[in-house]
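Next come two complexes, and both contain chain A; in the first it sits with chain B, in the second with chain C.
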Partner chain A sequence: MAMNKQTKPESPIVWQPSDVAEACTLKQQLGEDGVFVAGGTLLRTWWEAGIAHMPSHLIDISGIANMQKPITLVSSSQDRQICQIRAAALLSEVRNDSHIRTHYSLLTTAMKNIAAPSIRNLATLGGNVLSRVGDALPALLVYEAMLLWHDGQGEFEQSLAEWLLEAQVSHAWKNRLLLAIILPPVDQPEQEGHGRLDVYHKVGRREVFTPSITTVAMSAAVGADRHIVEVRIAVGGGQTAPKRLGHTELLLEGGKLDRSLLQSCYSSVLEHFRPVGDVFASASYRQKTAANLIVSELWKAMQPKS
Partner chain B sequence: MLLNRETSGKRWRIRPDGLGKVTGSLAYLTDMSASGMLYGRVLRSPHPHALILSICTEKAKQLEGVHAVLTHLDVPGLNRYGIAHQDQPVFCENKVRYVGDAVAAVAAETAELAEYALSLIEVDYELLPIVDDAELALSQDAPLLHPQGNVLHRSQFSRGQLDSGFAACSHIVEDTYFTPRQMHTYMETEGGLFVPEEDGRLTVYSPTQHGFMDRLQLSRIAAMKQERIRIVSSPIGGSFGGKDELNVQPYGALLALKTNCPVKLHHSRWESVRAGLKRHPMKIAMKTGTDASGRLLAHQVRIIADTGAYATLGAEVLNFTVEHVLGPYRYEHVEVDGYSVYTNNGMSGEFRGFGGNQAIFALEGQLDRLAEKLGMDPWELRRLNMRMPDDSGPFGQPVVVTEGAMQVWNAAEASGLWRERSMPDGDQEREPWIKVGIGSAFTMHGGGLGVGIPDPAGGRLSLAADGCIEAIFGYEEFGQGLLATLELMLIEQFGLAESDIRMIIGDTDLVPDSGSTTASRATSMMWKTLQNLKAPFTSQLLERAAVLLGKAADMLVMGAGGIYETAGRSLLLTYKELAEVEGEPISCSTAFQFPTSDTARTGAHFLYTYAAVVVKVEINQLTGRVKVLDQYHAVAAGPVMNPQGFLGQIEGGSSMALGFTVTEDAVMQQGQYMTKNLDTYLVPTIAEHRGTVTVEPIEHLPQGDSYGPRGIGEVGSVTLAPAIAAAIYKAVGIRVTKLPIEPELLQNDCAFAFAEEAVSER
Partner chain C sequence: MSKHEMLGAPRGAEQSELACTINGEEMKLEVAGSKRLLSVLRDDLALTGTKRSCEIGRCGACMVLVDGKPINACLTMAYQCAGKQITTIEGIGADDGGMDPVQRAFLEEGGFQCGYCTPGMIISVKALLERSPDPSEDEMEEALSGNICRCTGYGGIKRAVERAIEWRRKAP
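Now for the complex of A and B:
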């Protein structure tokens, strides 16, 4: 910048690589000055809020050839289908996919509850995951999703749960490109008389178009005798890192739903879910909301069917 | 009769500005641009309270494409503004008092350049202790924000002997109520286009609720004669009181005059939140007592309003609150003590309801608590203590006699929703954590600015050269439906067709000063204006026509398209033909003041609107969240001038009240907004608006009433909050004292699931 004559800094340069290798090469060359972007809906709120500086280079991954088809099904060894969602899949595409709606309904519900239609038509599932607090995460954790990365050398898979832990202590993942979110096949209950308990609740400060205060995703099978199996529960919301409630799942797994199990479950959620409070909602409110939602759903599942 | 499309018949019309708004073809003032236009930006203080040690604008001035950088040194006239009290600096000289305070402004060739130029302005601050709480600001050792102290205004009222009043009470309730810093959240943020004209005049295209007040204020700042400034102030994308005070205008005007180029400013939502006005957060402590039969004997109120850094209308809002904490009730012994207090928080100011919303939330809460103590139906307690039609006003001032209070009370009592109150669940089976309740509340709300404040009104009717009948008023259309209402009044009162009418508003070069478009006053004043003008204007037209037609004027009438014969109902002469006849221009005008009470009490009102609200709510005890299921509003405001407008105002006001009650609060900590944008400041969406909003207007006025339609622009926003609080208490037995309601207060654990009979109960 000249000493006497002031000039305005330039806008970021937007790179539009056509394949993964080119994208990774750009990232390696640009380092921290280059940021991967797709919908950009979250990044721009960060820039506006001053949480992040607008970088001098943006690497737009939405034009990458194999990002084009948002959702593909791959047959696994037991002739069951693995669902691969490209990182640049739009939230609206994920929401409207019939395979996802049939087999991963929690994810469909999660998509419906994110932002508003105009944003869902720009924002991507990859972006929601990489925000580390996205509303998709509790649903994806319940489905034990895997992440497919490219680190410039090659592709590798990592479980979502593992990455969420890694991301708490290391920024190394920011140099990798997320290619896809992989959903393993969902086991359907084989026993007669088992009903699915699949619930996703997002509680915000208003009904819709709202940041989450507490998010709960739960999946289980409940038999006619009220025995509960295949229990998976994930919680999140606000700035709280989403996680599975392993202790609570263990407590419930194979048990018979009754008031004492519900009571123990309630205490277990309060003990193991440690949300972060903020100026809008206390940690204790978030915790209690999660416990209430989980236990009320279990209570509903144990009521005699009318 | 309920108000809806079916009951309104032909009066249910497409509003004249509807098509443009729905299709997006209508250009708002902030959509305008001009060739050679520069972009203005304002540098605002990042600190809530600091001394300015130095301001250096050199680097910004050297930036290519920057045409002007202004500070307090560049203000030719008064470096202050404020509708009532001019204490807000256009540019701060040596002290900043809130995070929106303006320090400098730039005009540059692009918006990006202007923003970058702001970053080049160097300001040295010395931080001062922050006064972020109004109660704290009142304490003896609080830092002084203004030389005269931290109290902007104190307003008191008393009657009777409070001590002996309370001594005679059988039941006394005491509580303290807190209301939020609500934001207007107009869809169109503040902005405008400022054009220096070739003849040296300045044209300002910028939203305001009183063009002539902006003209006066800008003339002081720019040291220009008022006549040298033209304010075009309509159409506006929402205001709700928030754009009545100056916002971007001083900067746009000064930058345009300095650069001699058109300058555009338009706040981002971020800047709107930071610099814009909010509703006064209030803390209202009340002690209220009755005798054993439930008659109110004594009422003591202490109000502390956080008015922020500068005055604007903080004093007037407090006066309104002091009047309205008494409400439509009779008491023998009353003492109200109110303070409007400067803090380093964001600016508080005018907002739909004008201090009544806070007052009624507290007052109606007291009535509900007393009813419980008395073991009395809360609605019956209100009837027992209700003011009578010929009672004086809250301050003992003469007021216009109406039966409004009893009318809305009766209407609510008879409403289907209120009759459901003992069985709000009906036959519906609900999950055990869902609780339902029905509550009600009651209010009287003053219209007009009140005693002691200039409150001009009036307008003009003319036959234009092209044969249009022109209705010319100094009001603004900000979405409330003023044009639709005026059009319908002209059609109904003069028999005109839509195509005969041209409405001219919001342009100080063209319109008379009809006063402000605030305080629920515009419809009342347009009606009164047309009443005043009807006879003289009609007779001018008919007499001219009579000469031309060779008929007696009393054989002629005005109608759609022109002049008709009374007997034959056939069109004899079009307005265009009439306009083409030579002669003096046909034009009539009237000017008067909004009627006021004969009292010395500043701000006291004369005309009131009465309202009662019944609401049904559902509480989810798992989350503590409240949903409104159904609403009933009875509004006694005289004849309905425009059914859609009336319904829209009550529904819209109620929607704002819902936000005030359940989601909205511009949270501040240490003088900084925690809600900087609409991702954390949450207004209700369509999903919050469940069920129906039933509106029952009560049009009857006493015989001989000459005041016509009362204002309804604000009252819809006032009464819902206490009704929701009452419904919540009915549902779950918890008293709400703080808005917006914190869900945690209403949250329960899952006791239903741990109970013995958990399985069998359903």
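Now for the complex of A and C:
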């Protein structure tokens, strides 16, 4: 594989590896001059905004053989199905997948809220995850998604939550290829008399086709007696790396939804969600938006069913 | 390993052959793999019906169909079009040279003023109706969410979509 690295081309040279090993070898050889590209929608935004310079080489991952089937179901030990979404799966493919709609509805809603259909026909889930601020992330965090990587030596899994923390302090992941996003089986309402509370909200400055100010994903089971269990809450939005609100989840877990619990929950969100502000929306505005969204959904869930 | 730009050409060169179909015509073009489709269409092929505006995927003026799906030509690179069927606004009309019902509906319902967003709007509506001939209001809004119009306030556009649905429903 001979490459002339001296002359910087006016437009990047596009490499199309057909398997994972070739892709990783290319990345190792090209180093920072070579960038993995999936849909290219985010890279284009960065290049045009001057956030990143256009590299000399693009390594297109869409032709890699085992990236072809976007979504596969694998049976786990207890005969439950693990859902593997290939990193190169288009957002539109994820949006329209019936298994995801049935079992991971927050992800379907997240997809509908990302950009517009034409962009979702190009953009991938892997690219969205690796942006570190993508709107898919809060939903994926709630489902405790795992990432399947290849680092040139071999494959390994890492929890999404752990990678988000790692990415804050290290750029090592930029040399790896993301192969898939793995969704563990969802435990559906198994407790007698419990209903599901599954919500995903993205608040922006316009109703649709807008960057997020605050994004909230929440999943829980609420009993007829208003006890809440299996609580998972993730928040993000703007340039804030999404995260689970572990303290708030603990506070709610097993509790009975009432005015006092909701008040504590509101304070807990304000305390533990530390968003990044910008000229459009301050950090405190984003915090309050998250707290309001979460508490209003809990309030709705504690109303008697008509 | 194939370097797309170079399929068959010597390594290190930046030009390559892009083989695709544009408005029904098979083409082989010498372009850099990372060149934007928008530039290929407008600058190389003089298909200027596809409009250039924001160039970052925000406005929808550059919308084209790639294998029947709407895609922003300003975000798409040439290599992503290899082997694909591309339809621009110039290729939307009926085979006999007349207008597509969607085009006629925009004209008759006043679905435009300055007309700059119109090719992109028509492409998005065309894609929607091919996929879902009787779309709900939600589907309509979602399908057009990536197309911005600064003139009409969208009222005329909505009427045009409704009219196009009606005509297609009545068509033999």
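List of remarks:
Note that the second predicted complex is superposed on the first by the 297 of 306 C-alpha atoms of A that agree within 3 Å, B and C clash if a C-alpha of one lies under 4 Å from a C-alpha of the other, contacts with A are read in each partner's own complex, and residues count from 1 in each chain.
Convention: a contact is a pair of C-beta atoms (placed from the backbone, for glycine too) under 8 Å apart; a residue touches a chain by one contact, two chains touch by 3 or more.
Here the structure is a predicted model, which is why all the values come from computation and not from measurement.
Legend: residue contacts after superposition of the two complexes on their common chain; A:W299 is shown touching chain B, with no touch to chain C.
Contacts of A:P17 after superposition: chain C is touched, whereas chain B is not reached. In the superposition on chain A, A:N121 contacts chain C only, with no contact to chain B. In the superposed model, A:Q153 makes contact with neither chain B nor chain C.
Residue contacts after overlaying the shared chain place A:F209 against chain B and chain C alike.
When the shared chain is aligned, chain B comes close enough to touch A:F280, but chain C does not. In the overlay built on the shared chain, the residue A:E48 is in contact with chain B and with chain C. In the overlay built on the shared chain, the residue A:R259 is in contact with chain B alone; chain C does not reach it.
Overlap of the chain B and chain C contact sets on chain A: residues 4, 7, 9, 11, 45, 48-49, 208-209.
Residues of chain A that touch chain B in their complex: 4-9, 11, 45, 48-49, 203, 205-211, 258-259, 262-263, 266, 279-282, 284-285, 288-289, 291-293, 295-296, 298-300, 302-304. Interface residues of chain B, counted against chain A in their complex, comprise 59-60, 62-65, 112-113, 116, 120, 270, 431, 433, 621-625, 627, 662-663, 667, 669, 674, 676-677, 679-680, 682, 684-685, 687-688, 743-744, 747-750, 752-756, 758-759, 762. Of all residues in chain C, those touching chain A in their complex are 1-5, 11-12, 14, 32-35, 55-57, 60, 63, 66, 69-72, 74-77, 79-80, 124, 141-143, 145-147. Those residues of chain A that touch chain C in the shared complex are 1-4, 7, 9-18, 22, 26, 39-41, 44-45, 48-49, 58, 60, 62, 92, 112, 115-119, 121-122, 208-209.
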